[in-house]
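The following blocks contain the structures, represented as structure tokens.
Two complexes follow with chain A in common, the first pairing it with chain B and the second with chain C.
Presenting the complex of A and B:
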């Protein structure tokens, strides 16, 4: 059996680095990550707070604050263009049109003084050259699509008259407005009740199947990953430490950090009161250790881990499963240690 | 909203009564005798007595009080103790001057202050921002009468663009506009300094909000983000400051009125104070209180226009 031909990716990120300036020195929050997103694929970015997963999404859309932030990449290829090299105006045309984003906080992400209808209509007016009436008709259809009950009568209402779940539906309608190729969903369900979470996830899945769009889904919730993702990239301290298809990752977690993450999911199906945690914390951006950044928290850490940064390499040449680890990555440790000592 | 307005105006009545009582007492506590002021140092005791009777100052204090309070509500605000003309006429004669000056300086202040504040916020910690902040600090710390004299020297005496002694002539439109221009610019610039500072800090707040990021992620043009998404959210503190400042302005315009030789409430009240013109002072205080109440009400109603979350009940 041959492997299915890989279709051309919709979004191809090469060596993306996002840095922030703290007291005059630049520190990377995202360190040279690369990944490709296939058509109609959902790629989950998973990791603890501060691992750079949201920053990755903001960097793709060019929304990193320019006052003290900087995005560098060998390429962020989308529809044959390099997003990292577009002008502000060209980038504005991509945002909300080719690529759109859903944010974490539905309570604060909508403008409190503008009507729901206006906020959904807006993207259509700026990108699709629709007249006001056409845009409003389209916006109404979108609100119906995301299953907002009696959308027509609520069109002129304000965000404070909507519940959290309904607001997130409005956010999704806004993101879908121009039929984007890619949606960046930054923890879209984190702020919601569990039942509402399930509804929003089902809705996103349904819309993805209907429209054929691709999605980068950012979350720290591995349960959500299992339900939604095709592929998973685990991030730690600005690096992708492991990337694999969702089945492979859950079946064969290889990086010690991925393993620890999977172990720390609270289980209700087992009779135990014990909750596994990962000791320690992500090192602060301006005090990153030399070598592997997870070494200080890693039960398997060797001398080499503290001396040299491991590369992200496939487990075997054919495999799409790649890991950034000296110990687990199939490296010849003895030879490496010798090299390091020379 | 109509019911809210009506109720707020109704609540103003006790405020007005309290202020009137305080004014009545205060003007009589202030040392000095109106009869003496009118007739001068050389007046005989007899003449003073006749004058006091004519002014009604010989009657018991509660009688004077009741007459004053009753008069206010029936439209009879008494006669000025100095000129003998009805108080209401004296006030209504100068009120348009004060109102037009206040509105003109509010317009100038907003037209300069709001864009400048927004601009400053957008260029935070760049030289534009520093320049604006220094400029507005200068505007805040500059005494109105000094700037008034400087404007007069520069534009009326050196450049001769405006009349030196305007006197508030209003025979033709150009005469009216020319006489209003400099005083309004003088007060407007100070107001602009206030508005710039509040707009800047308030815009910095709203530009940092999540919904601005959402708007950018939608691909909304920057110009629309600033004026439609951020500014409307930033306006509430601006309106508050404008409201407070309008109240202050009505009293504080006196020095500007003197320098530019304009009639106005400020000048009237200083004159009345100097001459112990009790009745005129009382009338002026009623007007002031009323103006403050109306300005506050308008501020509250404006909040509702800006922010749909504001509810009137």
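Presenting the complex of A and C:
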């Protein structure tokens, strides 16, 4: 979905499908999703574990293991090139340089036997052909930028001498090293405690404003989404089921799944006797039902939902708010049921 | 997450392997014993020309087959050569051959092991099968074949011993590589666009290095033993040069006249192997994965 009246997107994903082979059969983990990322925009991908949000990020970077994985797309356009059709060599140029990634686990995402300084410096030498001295100066500036206190004296320290939050800052510094146009942040705050989380989010927001980069922020935490995102894409079982600006989504959640997700946020400002949960579980990848994949857990499910897969369509032609739902998507159910029966 | 920064003073920077080394020496006093003896032997070998009371090759028919005494502390052999001087010079031969052979086996073997472990699949299968074939020969037999084919000389001994030591190093390097390549930081390297060669050399290798070095200290002992064995059966360095294995054999020919001829070089070999094993065992315990922090 491209929002109208936005400048040319930095990253434009058309019909991305990522499949995995299980016992000889290919099953899609991401099912033909499309989205565009505007310059300096933060798009949040939200969904339960296993809904395909991390796979989307890995697919964009071409990091899906080739042994049992397969990425197909009509196009992953970045800087005028289709990433889906680049050679391995060309793709390595893009990774860490044009698009970089921040991982979920800061405790294990740094090499334990190499110094922090070395690891930040390496990316700069590799992609920007800087001399070691230049790269070290630049790396120090980066560590200052991500607010690591007394970066200079800690430059030669090893990861085990850093706390989780500090390591995540180092990871962010590495991701930012080559001034990428797009950052893919895969649950960068999930492993951190709440106060550190807030600091890291504030830092990311600040850096985004400073550098003008765009960000795809993968999370299952809707509170984080509200704080950070410009637009939100809600994913379920490999599909984008709803995409809208963050204000619109929170004000007018339309897909029953989005609605249920929002209801499930525990709120401290209201008395509730029990926590809302969504009954049932995501169907396993090798046993996806026909029709809408949320139908089995949906309170609004009709016959047509179990028979036909709904399309992702804007609520009205002018709106960037799109929903994949027969019931809520403004479809003429009577006519559709008629069609399905004929 | 717990804040581990408090444990160490700011700015103090220690490579994790340094911590492991420190632990090896702190927790196991025998590691010290091994290290001290081995360092002494190395120093003695280096200083052999200064320490030797006599020329190791100087023959003197008047002084042949003497027992330990004031002029020749450890006695003389059938040609009247000073045993002590020959032992000191022999230490050089043993150490040079051992270090050169194990050094090259370490480099080649770990390169092979890291490549096999990193790529996995068919590459791994083919490489490790080849290694298993080499491993099927006992070190001595393989060394014997190679030296018999190439002819006895110091270089050929090094090649032969190194060849027997490559498979164990490949195995030792491969196992941790398989673990390390699945770690998040290797995935992060890929996300930064690094190529396989860079990931293997700069990111995987340093993580398996401690295991390789420990293995190296243990295999150095084996190499010295194999060198002595090959010299003993006449496939070692050429005769006038002193080597411990050769000295034992020469002593055998006159063992009824002078038992010390074989005893002293045997003790020398024993001492080196013993010290290296103490050192290696201590280091191995320190890097044991069960006691190692996961950081």
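Please note the rule applied: the second predicted complex is superposed on the first by the 337 of 342 C-alpha atoms of A that agree within 3 Å, B and C clash if a C-alpha of one lies under 4 Å from a C-alpha of the other, contacts with A are read in each partner's own complex, and residues count from 1 in each chain.
Heads up, the rule we're going with is that a contact is a pair of C-beta atoms (placed from the backbone, for glycine too) under 8 Å apart; a residue touches a chain by one contact, two chains touch by 3 or more.
These figures come from a predicted structure and were not determined experimentally.
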Combined model on chain A where chain B meets chain C, clash or fit: clash
Touching partner for A:38 - first (chain B), second (chain C), both, neither: neither
Chain C versus chain B, contacts on chain A by residue: C
Partner chain in contact with A:165 - chain B first, chain C second, else both or neither: second
Contacts of A:95 with chain B and chain C, given as first, second, both or neither: both
Which superposed partner A:191 touches (first chain B, second chain C, both, neither): second
Contacts of A:112 with chain B and chain C, given as first, second, both or neither: both
Which superposed partner A:150 touches (first chain B, second chain C, both, neither): second
First, second, both or neither for A:296, with chain B first and chain C second: neither
Single chain C stretch clashing with chain B - from 21-29, 39-47 or 75-83: 21-29
On chain A, the residue positions that both chain B and chain C contact, one per complex: 61, 63, 67, 92-97, 100-101, 103, 105, 108-114, 122-123, 126-127, 158, 160, 171, 174
Chain C-facing residues of chain A, complex: 61, 63, 67, 91-97, 100-101, 103, 105, 107-115, 122-123, 126-127, 150, 153-154, 156-166, 171, 174, 191-193, 196
Residues of chain A touching chain B in the complex: 61, 63, 67, 92-97, 100-101, 103, 105, 108-114, 122-123, 126-127, 158, 160, 171, 174, 177
Residue numbers on chain B that touch chain A, as the complex places them: 124-125, 209-211, 213-222, 228-229, 232-233, 306-309
Residue numbers on chain C that touch chain A, as the complex places them: 1-5, 8, 10-17, 121, 183-185, 187-195, 198, 202-203, 206-207, 209, 293, 295
